[in-house]
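Chain nomenclature is as follows: A, B, C and D, assigned in order of appearance, with residue numbering initiated at 1 for each chain independently.
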Amino acid sequence: MIKVGIVGATGYAGQQLVWLLQKHSSTEIVFLCSHSYENTLYNDVYKNLNGFIDNVCINIQEAEYKLDCINILFLALPHGKSFDITKKALSKGVKVIDLGADFRINSKNIYEQWYKVEHTCPELLEESIYGLTELNRNDIKKASLIANPGCYPTASILALAPLLKSNIIDEQSIIIDAKSGTSGAGRSASIGNLFTECNDSIKAYSVAEHRHTPEIEQELGNICGNKITLTFTPHLVPMNRGILSVCYSKLSCKKSQEELYEIYRNFYKDEFFVKITDTMPETRWVKGSNLCHIGIRLDKRTGRVIVASCIDNLMKGAAGQAVQNMNLMFNLDEKTGLDFPAMMP
Amino acid sequence: MIKVGIVGATGYAGQQLVWLLQKHSSTEIVFLCSHSYENTLYNDVYKNLNGFIDNVCINIQEAEYKLDCINILFLALPHGKSFDITKKALSKGVKVIDLGADFRINSKNIYEQWYKVEHTCPELLEESIYGLTELNRNDIKKASLIANPGCYPTASILALAPLLKSNIIDEQSIIIDAKSGTSGAGRSASIGNLFTECNDSIKAYSVAEHRHTPEIEQELGNICGNKITLTFTPHLVPMNRGILSVCYSKLSCKKSQEELYEIYRNFYKDEFFVKITDTMPETRWVKGSNLCHIGIRLDKRTGRVIVASCIDNLMKGAAGQAVQNMNLMFNLDEKTGLDFPAMMP
Amino acid sequence: MIKVGIVGATGYAGQQLVWLLQKHSSTEIVFLCSHSYENTLYNDVYKNLNGFIDNVCINIQEAEYKLDCINILFLALPHGKSFDITKKALSKGVKVIDLGADFRINSKNIYEQWYKVEHTCPELLEESIYGLTELNRNDIKKASLIANPGCYPTASILALAPLLKSNIIDEQSIIIDAKSGTSGAGRSASIGNLFTECNDSIKAYSVAEHRHTPEIEQELGNICGNKITLTFTPHLVPMNRGILSVCYSKLSCKKSQEELYEIYRNFYKDEFFVKITDTMPETRWVKGSNLCHIGIRLDKRTGRVIVASCIDNLMKGAAGQAVQNMNLMFNLDEKTGLDFPAMMP
Amino acid sequence: MIKVGIVGATGYAGQQLVWLLQKHSSTEIVFLCSHSYENTLYNDVYKNLNGFIDNVCINIQEAEYKLDCINILFLALPHGKSFDITKKALSKGVKVIDLGADFRINSKNIYEQWYKVEHTCPELLEESIYGLTELNRNDIKKASLIANPGCYPTASILALAPLLKSNIIDEQSIIIDAKSGTSGAGRSASIGNLFTECNDSIKAYSVAEHRHTPEIEQELGNICGNKITLTFTPHLVPMNRGILSVCYSKLSCKKSQEELYEIYRNFYKDEFFVKITDTMPETRWVKGSNLCHIGIRLDKRTGRVIVASCIDNLMKGAAGQAVQNMNLMFNLDEKTGLDFPAMMP
């Protein structure tokens, strides 16, 4: 059994991890660490886990003390909080999957510019592997430190990778208009996230300045070999889970919609978790699962291609992909513990 | 492997069954029958199952023809539609679990009075077993025909059984005020169930005349040995899934809240799927799972006891309990394929 | 023009008042006072009022200073916070409508027992008039201090008054099962009221101990002349606004459903804001309006009568009724500024 | 008093018209015509209007017969259904405001190409005035036939007009990513619009082929004097009302964000219903009102300008703007009956 510790276990991504790992056939949860709920029974916070999880939340000091007892550490913390514990874990030979942003951006400068905190262990940036499983599978298998992708980047990069790899779009024409459920905003008490303030309304936020922008640009740039600058607009939608990323770009050569579908079906032909769908995707079809649905439309009148992808932000956009990566790192079938569809309705 | 056929597979309860059975370790889906989607790829109707289910929906004639190839038949049909196929299946030695109402009411007269259709095989009423697993486990194990309980009755009977069994309430004082998500209204096109007509609103419906009333009265009567007449008020709540059943009754003897809790904890002490909770339950804690959460409050000022239970109407209230019953009928661990918690948020 | 001050203007009830008064033909808003948003432009907090309200929020000291400039003061504060300012306002001849709980309970003891704070001006309890307009119209006209009713009590008392006045029910048999939208929980940051924690779920809360209980009992007792003890269960429903109060009681004499309707239609025959409806009411039909819809069902099998009433908790349950009362106090047509229906959908 | 008839009165836009006109100080509703609810009391369909509207719905023959009794006819019908009654009304000197699409597209060919029905009175296309009030005010005042704009076009054109008028963007770079509440899908029974199928999910639909595309292109082309071809992607969001239109385009010259704001504030400086907001708009701030909120962001890194506008699809996007236009046509203050803000929450 893989022995697991989770730090940041009472946030929504942390809880999704606990949910997945408690039913994973090859893992054993050694500890759950939570700053806000130290000494609290985990299933008092998440009563859905009554009968499934008996742990009491520990604090970060206790977690560090128990690093010797685990094989892998999952971090689900706000940015800037993962540096110390990551260093300690790696030094003890514990593999680390960080669901936060601290090791996603290769450049210390760019990280600090967007995240407004100092990066105190830039030496790990070279070592860390960006955990978008479908694109970096081989590196992930050998990695000790995974920077698990953000939710918007996962949806957006999966949607755009085939176009960039095929070299058929104007690389500077990309606009990403993405929509997220409110669990993406986290579980902190705030007036803006009250039911009464979110229900029956939609808004764009962090327009032209969201922190997932450099992450998307970096990875898309790696795919095509050129520096990418794009426009990214996230939205908050009155639903619990799900991301819909609608990606616009200008074709640089003539392609029919059928040819575009062919490119996508071919690109993802061996991928279990990515489905290319004839109809445009809806978040409900992937909610609660690790799947990504992608649909493509050619706008003949303008020469643009419109690609829409859907994921569950807490699953393929966070905890699900983290488990997928863990499976690879421990030579398990990648689908272990993730092989179930969305529940409808 | 248990070979399974499902009739009424494209309704919400039917789909939940498909969802559960495709990942059940001991079942094989032989056919999916749907009146509305004959010859349609099942995962074109429920795109969440893209990659998980490849069946094409067949019609009822084909289903009857294939009865020889299955061990168990699940019916998820409107009332009055299960009679013929049930007879045919039983005559071929196929076990039947009917998720509809046709075999729940022991009396042909009472059935016809509430459901306004003729019961054409009353001879099966004696044979059929009411499939509230926790209360009828032994009979279920030996049954050929299970009348799977309604969603409201499941929640309400589980909430009230310990009080009636303990003989501590005025049996004629029961009032059940129950609230359901909209999936309980089914998947037929109707103006009343449009998003715009249900969202941001709540209503009571079928007040003092809902068809689940005689079912609840019959089963509670069986528990206490007396005829029960009660008031039952269902509500429609703007949420997809879940039932909250709040049950009021008058104590007939003095009990503290602690003593009441003791009675409940004892009554359900061996039950995996029923949790007695210190806090009053919320539907989200059981959504998507087969669990039932129950909380109890003594209203000292009035001498009433208030018991609230929560289930997922499509799981413990329909497909989940059907699978639980199937497990028993085939000597499997009752939890097989059902051993997972609600997903939050 | 009636010159108005509002203290607690940035809560949901306060904002509803501002909304109503800014378009009221006979009022002028002199000041808006907010503890949390002192010195903030009101329409920066509630951007819906951009172009309609230009006030900057003032603090309580400034509000007290401006008492000389107003004719009426509205208070929308947490309980225990209205005592001082009420005394000061009344001493200056300013009429007061308190939307909070501080003057609703006639007995200092009962208030302190349920609200756990000391009542520091019990001498005002005799003077204060309970502002359920339809029942206390004459006293309201002459009052200087109105205790504006709670949202649950408004819905519940309007539903039960005709039965108690007619003396046709067992007065000790009353059970009220009420459901509220989340705006009833206020606008404070709290994890429990986050969208992700409320959406797609329902729960009962404060079962058998909600503070609106003694208020309902007091007023119903006044109607029938006997002390009433009842069971009251509130619920939180995933919707912004609205209360559905379902009231159960035992008939003490034989009445048909038609006779019950006759009693209700007669009782409310001159009331513009109360509609007796053939169908059972839904909160959406009154959302955003000052109306109350009431439907009645006789449960012949049990001899119980079930009355359901719907109001908007922020309108008839708070600010709307406050304006209705103000209209009476200043000899205006009671409907002034309130004469509009719910907006659908 | 202006005497009014409404055809298509029981759809959501029709009902919003009824709502507005019943409280409008200068109108009298002469008839309500509904195909689906002939001979039904209007307030039995929309119970919110119980006490406000007493009309019984009439059929189209009766409506035609009563054309002599009205000054203005509102049509809220599916496309292709407005031709005959419009001709008849105009021939009798009755002014017409068509909330549908039949007179919006100047070219018979383009209309037929996108709407797939024959246009049987192309002679009226020249006469009809596109009723986007803020842009065509003078023509509207003199018009007999108003083609009331679609909801998406209203939001999108108001967002883009200042940029095109100022000639500061690449006119072929426009992408509109718009999001709508479900009332935009109408009130017909359909599985796709059930609560259970829409709740907690988002989707794009009619990608690159929505019928509002040529309408937006036509009007934007009129503003800048050049043919515009753009990409338009609508989405369905789980909320009742509201449109958020996010419009992307490439600046053709250097402008700061402050300069862009200056252009917008100047363009709309005399408009009551259009507010330029420092923060990006949210649909809740305009829900239920006739207002449009617009926010602007410069994406310096890419040279794109991102303009987001919010309206209520049934108000400024349909019935509200229709009343605004009627006010102009009858020399009333444009704000009559529309001068109220959104209700929050």
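Keep in mind that, in the parts below, contacts are C-beta pairs under 8 Å (C-beta built on N, C-alpha and C of every residue); 3 or more make two chains touch, one makes a residue touch a chain.
Given the structure is predicted, the values throughout are model-derived calculations rather than measurements.
Interface comparison, A-B versus B-C: the pair with the greater number of contacting C-beta pairs is B-C. Set against the C-alpha centre of subunit C, every other chain centre is closer than that of A. Averaged C-alpha coordinates put the centre of subunit B at 39 Å from the centre of subunit C. Rounded to whole angstrom units, the spacing between the C-alpha centres of subunit A and subunit B is 36.
The multi-chain contact residues of subunit A, meaning those touching 2 or more other chains, are 12, 183, 196-197, 199-200, 238-241, 282, 284, 287, 345. On the side of subunit B, the complex with subunit A involves touching residues 12, 15-16, 19, 22-23, 46-52, 183, 199-200, 240-241, 272, 275, 277, 279, 282, 284-289, 291, 293, 339-345. Listed in rising order, the residues of subunit A touching subunit D in the complex are 172, 175, 177, 179, 181, 196-197, 199-205, 207-208, 229-231, 233, 235, 237-242, 244, 246, 248, 280-284, 287, 297-302, 304, 306, 308, 345. Residues 12, 182-183, 185, 187-191, 193-200, 238-240 of subunit C are the ones that touch subunit A when the two sit in their complex.
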